[in-house]
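Next come two complexes built around chain A: one with chain B, the other with chain C.
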Partner chain A sequence: MALTRRDLLKLAGAASTSGPLGALAPFFRPAGSGAAAERKLVTCCGICDSVCGMVATVRDGVLTFLEGLEGDFSGGGGLCGKGASGAGQLYDPDRLKYPMKRTNPNKGLEEDPGWVRISWEEALDTIAEKFRAALEQFGQESLLFVTRPAPDIWMRFMNAVGVVNRVDHLDECYLTDRVIQRYTTGGKSWCNDFENAKYILLFGWDLLAKTKLVYANGIVQAKDNGAKVVCFNPQYSATARFADEWYPIRPGSDLAVALAMINVIVSENLFNREFVDQYTNFRQYESQIREHFKRYTPEWAAAESDVPADAIQRIAREFATRGPAIAPAHKKSLCANYANATQLVHAISILNLLAGTIDRPGGRYFARTIPIPTIDQIVPPPAYPAKRGRRVDGKDRLPLVLEDGGGLFSTLADGLLNKYPGMIQAAFFNNYTILGFPHPERMAKALATIPFLVVMDFLPTDTALLADIVLPSSIYLESNDLVPREYSAKRPQVVVRQAVVPAMFETRSIGWVALELGKRLAPDYFKNPDGTWISLSAVLDEKVRRAGLANSFAEFREIGMVTREQPFVPRTTFNVPGGKCQIYVPQFAERGGEPLPVWRPKREQPSPEYPYYYLTFIPAVHRRNTTQNNRILNEMFPTNAANMHPLLATRIGVKEGQKVRIRSRVGAIELPAHLTETLRPDCVLVAHGFGHRSRYLNTAGGKGARDSDLIPDQTIEEMVAAGNFAGAASIMDAVVNVQAV
Partner chain B sequence: MVEPGPGFAASEPAPWFAFLGQALLVPETARLAALLEELIKVIGRPEDDALVATFRQALEGDPLELEREYVRLFLDPAGAPCPPWQSVYSEEPRLMGAAHERALAWYRAEGIEPAGENEPADHAGLLLLFFSHLLDGGAPAERLAAFWRDHLEWILRFCELIESETTHPFYRAWAEAAARLVRRMEPEPEAPPPAGFPAEQPLA
Partner chain C sequence: MSYGWLFDSKRCIECRACEAACKQWNRVDTGWNVRYRPVRVWETGTFPNLRTQALSMACNHCENPLCLKVCPVKAIWRRDDGIVLIDQDRCVGCRFCTKFCPYDAPQFHAGRKKMEKCTMCADRIDQGMQPACAAICPTGALRWGEWNQIAGAGVAQVESFSEPALTRPRIRFVNTPWGTR
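== the complex of A and B ==
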């Protein structure tokens, strides 16, 4: 409709009988060309790290539908429930919308922060001023960043400022596997060639319910191709139901089974001789290896694990001879659950090496990728300042973790409260709620000791309640990036991530915040050689060009996806000291660990006071603690319960739905009992991600209980004493008492 | 409850709708005070209007308190109790839902669009301001009634929620004034089906 002169006057209020009151400007503007046509845009999911390709339908500026992207290696043309419900996150009414600052200086989960809205300018200026003051007065060690090491411009910012204290949940989920793989096979890999495997051995990992489509599709394909699947899990999980054999293993004893299997394979010389001789250091350390594993007999392992000795022996023989065989080690499912996870991941890595399937068909392989240059390669920065200072998480006591560059989630509260009280003067939390930490109540107390806390997030988390400044974060559907395939990448593939709608309200990306804070705190690192400020879009264009994807990001956005056809050529040298995979790892011995995995029990053992094992899981339709407020997903899995076997329920006199109190040595929660025969009778199982305190989170607020209230956090001394040299967070290492309320 | 005087929405409700709409879009005390003075100028006879007096008194309080209450009610990072977007009050609460699309169509029919393309069009402030524009422009009764049914009825629920959540005099007065004004503009019920139309039979 054409705009009349009256309308123009009206925008300014001149023609209104209400005078300036009725002025439509600045709230309205002349209409454009009307409703925009429906568009289909290629982009990538961002709910979990397998980042499946998808097609977004956008009608008149509103996302209306998400579906899988044909030809994409990750999703295989499909989406999981979480991915398909992305609009629920984008249009969540509870999203953080504008920067805010606290006006009540008293901090605590029960305090009203007294928020007022501020401009981005004021928020960034205040943060820069506080961070600068902390740096000048207390040095680099006084800043804490709880954030992923991405995007690259955010890393540039932290490097430019000289941040020494950075931790993130990847340290909880991936760290142990990362440290072990670096020295055994040459690097962390997400790729598992299930489709070509004939024998799949799963220690705990419920990969079907974990709902990374790439894995779920892979194992279904493997079964179709005749693979045998064996599963050790205290719970009769979705994957256990799918497996050929399931063993309800005693929690935390997977290591015993793995060690005994290695013993069988080595002592019976069943290993893949060609691979082991050519590509591992087995022969160099043969006598030590043979001698070391002798002690771990199947009978011994059976007593530790409740898995029969003859089954361990048979499975070991089958694994070695009926391959290609694979024992995938995923992240949290294994690498962080118990204090002995460091040893377990090493043992699993050895099993794969003995099967001879590292970077071979049917095994764990390294992603073939199109290299995408980093911002530091495109605009080289001045030399970064040396990082000096004490580590609040104590990771300097674990040399292998220190060299990894990550940090320790599970020791952070102890560092803040006991080891270095007052050291951290300012902190930045990017998309982390305290629900993700072991013992969140203690973490909340620890955060309250930090004089200046910034929280950037897309939802009002419990961490935001403790912040001085809250910054609203845009989400993946509002962002631009290049996403290489890392989970299924026998051939290189890159998919575009593009903002399918403009970022809602005043939300911004963490990359933009890095640039703006960088301009204020370390300007020399955020300039082009000609002295102008770095432009995020210009850097993205250059990445596209240098990666050979297109001439500009705009052009790549139209193309959507690039796949390079090339044959899969197995590696013959590995990125490990000496170029060969290492079964025996001398570097572990040199840096505070053991060169070969040794048996260590899990940290917490049942006792008369706490007689039951405590297990947690993430439901298939949720992503950690970030999706419970998504209305669509919440409808499918709205709250948690205390899952227990009917035998246990009878023992403690509890019926279905009756409220029980679960108590560990650090806390207690109350939940309704759910009786299920799919669990060992000595375990209690609770879903993670519930128990959000914000009562106004429209969907998730007040539903369920925080599973992590029962999980003890750790001290660095405990980790060292436990031989936990690769930093496992022990986030399922708890025993509990259960009583009817 | 404050009894409105004759100045309240006497013969010209448009300035009231404009005031209430803007008050929800710009929570700055100084600006609100200026808008209130504009309102008084337009409606006349403010001296005997108790609601105007309540607004005036509320705006004389601590500006920071007002700002804090605005954020707490509508934008709180700990989760806001009274989200000001209509789609949140629909059967499937969300942003950018059907109410956003309908509001956008209404605005476009008048040749305008919300200035922020990345904010929902069904914000209570925008809807009230737009309704004042329809009133100002002499929109026919059936058009006003259609907009009321599409976009003002829910404001009554919104006002109840605000009244139950706040003790701040400004927002209590806002909710009271908005509820009265919206109720006052309530159209006659739509005509029943014509005679002879078969009545709906209950299922056996």
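== the complex of A and C ==
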């Protein structure tokens, strides 16, 4: 029997059953019916980067239900648990409600900030005054913005002020991938044609466990279409469950396996000759390439990785010949964040090139999108000031990273405390918390050295406790925007993001803050040609018009989603130097790296003092450290534990639920042990996102421990010395000791 | 006519959308650990030869509901279409039902001192919609439909699922491998 979703809908439609609602139990309130003013609004999720389309039901001004959007590419008509729990974010009773300033001059996580409410006017005036003073006295380098590079008006503000130090979490995420792709394939790497793939090779890639639906749906489709999935991961993850073969690889040794596979494919000439000859620089550097990889034999890789040599050899052959094959990269998923991630991502890129599936069916696509103009295209700004000054995160030491817009979380504490103490005079944290940094305790100390700290967030996070001024942020369900989809080559899609309810309390968007601070600090950049102030809604209307979506945002709200199906035309020139994909990358050699990936062991190896590998993961129902206070999600996954194999538990003498102390060279945490067969016996695995300490977080506060307390932050010199030229934060790279408490 | 669930464990990504949608639609209180549809993951085998299996489990609206039989105040009743419901006015929160339920479906709300459970979103069904959990499931792991269509599908029992002969639950499990839809 094959019941499809549509069949069931039909069935349900035909079933006009008995039981008038009045006969039901009284607690049972029929949410979907009734005469009350009910509206259904198309919008999209903002919890993770899958940005799935949603339909929000709003009754009498209250968001009552979120469901998937039929025809949406990302969610495929469904939502995940996080997306479905959006109301728990919106109506979190702990939300920051109005601007506040601290009255206690002593800063620390254990200090009560002594917050008092202030007006937006006072908050913005104070921020503008402090930032201006810092700029005038200490120059551009004295301002630190810890924020993602969006929205565009916020970037315009930072450009107008001449901010040198914008830092984001990219080194913990896909910075390595972005740097490597720029020179190997010339495009973004997060659009995969899983649907048509026949062979999928996953090096620690675990986006199913993070329930990024655009990927989860893709893997499910691939499996339906008969694809073979091979997974290397020390943990039998939710993604591993979808694999035909799972190898509990030794942490940090994915690179060895990838190098050996390249060796097999190259030495046996199994690569896709047509693609490799025509679209890569293989022939130009053939002798170097062949010579380079010869040393990485399957037997050698087996000794490094615990993956049998014959399996490495067979999988390499299958990958090259049973395609279309793809090895997705992108995102902090285990292997992408050891200190050797740069080399690993390069090796994965080479594997895809050898399979010949870059921008080919069943491989990695370059997304085709519906272009949406930026604010700078709509209202061209005066020339931005030149940026002068030192990078507090030291990324100017990594030329390939410097070219990229992203910053380094992992070196920021060292920059603030040791490299450039006193350089940063004022800082603005936008929706990031210290929990997201390696070694947050040290980060908190570093932040306390900044004379003036602004934190904008939707919750009173641990970081907010350190702020001089706290700004309450609206969230995605209160925002208007256009969300382009960068996940499809055949079905470019734009979905509306609209405020399904008005912004709660006195919360505001970062775009609004950009405009208001802009008026105070760089007014020339926030005016229309006729001298009036830029209007956010007018710009949005113009974006809608120029993108050809509708005549106004109000009109597009009603339309909700636009899809422009287009035939797929594979790319024949690539956006890399020379126009051909590069296996051998001469620019790496010129800019502090190596032209071909070389074997480097991970940063930290087990020792008598720290005998176990330390791994972290993000549980399916949480997004990084931002959803633990969501009462719906917290109930499903309220706290973290020290996951370990029963053999390890026996060795240290603990039973299920007993408290253990995990210690690394930088910190220690205590958690109850959870015994599982799904993990290598030489590893300890802890969920990220817990250990919030803010007393103002009534649901998440005090629950669990900070996984990142055990992860060392790094210095830029360490990164350079480790050959970490594409900038991995190495947040998966720690070893620990575990003992019963 | 009656309805049932069809669950395909291999498609489940453990995202808990089913539970979240259920909580939203049915206004289930948070903070009391009242969970109509938890997703549990079972491990079988030993490292490295192991397997995990996810089960999204709510009330299975059994044909022979023990909960209904043991309820001392007759608070539990069954609609003509087989949906088993708890009358909140009658329920005294004695928890007999949950002791006898093989699936831990009835949940005790310690604040209200009442039992609650999955209603199969009877109100949605009455409006021609699917239950919220099945409607939101992104991968099609959890499906819902007419029981006479589902009864012949898959198998009656999987590992970690209680013996179905006892209560005749309205759930079946897809056990075919990938690619054999």
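Keep this in mind: the second predicted complex is superposed on the first by the 698 of 741 C-alpha atoms of A that agree within 3 Å, B and C clash if a C-alpha of one lies under 4 Å from a C-alpha of the other, contacts with A are read in each partner's own complex, and residues count from 1 in each chain.
In this text, a residue touches a chain if its C-beta (ideal position, glycine included) is under 8 Å from a C-beta of that chain, and two chains touch if they have at least 3 such contacts.
Remember, predicted model here, so these are calculated numbers, not experimental data.
What is the contact status of A:631 with respect to chain B (first) and chain C (second): first, second, both, or neither?
After superposing on A, A:631 lies in contact with both chain B and chain C.
In the overlay, answer first, second, both or neither for which of chain B and chain C A:208 touches.
Touch partner of A:208: chain C, not chain B.
For A:502 in the superposed arrangement: first (chain B), second (chain C), both or neither?
first
Answer with first, second, both or neither: which of chain B and chain C does A:488 touch in the superposed model?
neither
Between chain B (first) and chain C (second), which does A:103 come into contact with in this model arrangement: first, second, both, or neither?
In the superposition, A:103 contacts chain B only.
Please work out whether A:225 is in contact with chain B alone, chain C alone, both, or neither, and reply first, second, both or neither.
second
Return first, second, both or neither, reflecting whether A:88 touches chain B, chain C, both chains, or no partner chain.
After superposition on chain A, A:88 lies in contact with both partners, chain B and chain C.
Give one of first, second, both or neither to describe whether A:678 is in contact with chain B, with chain C, with both, or with none.
In the superposition, A:678 contacts chain C only.
So which bits of chain A does chain B touch that chain C touches too?
1-3, 7, 11, 15-19, 21, 24-32, 87-88, 631
Could you list, by residue number, the parts of chain A that touch chain C in their complex?
It comes out as residues 1-3, 5, 7-9, 11-13, 15-19, 21, 23-33, 64-68, 75-85, 87-88, 208-209, 211, 213, 216-217, 220, 223-226, 236, 238, 241-242, 246, 248, 620-621, 631-636, 645, 676-681.
Which residues of chain A touch chain B once you look at their complex with the stated criterion?
Residues 1-4, 6-7, 10-11, 15-22, 24-32, 34-35, 60-63, 87-88, 91-98, 100, 103, 112-117, 460, 464-465, 467, 470, 501-505, 631, 694-698, 701.
Would you mind writing out the residues of chain B in touch with chain A in their complex?
12, 14-15, 18-19, 22, 25, 27, 35, 38-39, 41-42, 64, 67-68, 70-72, 75-81, 83, 85, 87-88, 92-97, 100-101, 104-105, 107-115, 117-119, 125-126, 129-130, 132-133, 136-137
Where on chain C is chain A touching in the complex?
Interface residues on chain C, with respect to chain A: 1, 3, 6, 10-11, 13-21, 23-27, 30-31, 33, 35, 38, 43, 45-48, 50-52, 54, 79-81, 83, 85-89, 114, 116, 119, 122-130, 132, 134-140, 143-146, 149-150, 152-153, 178-179, 181.
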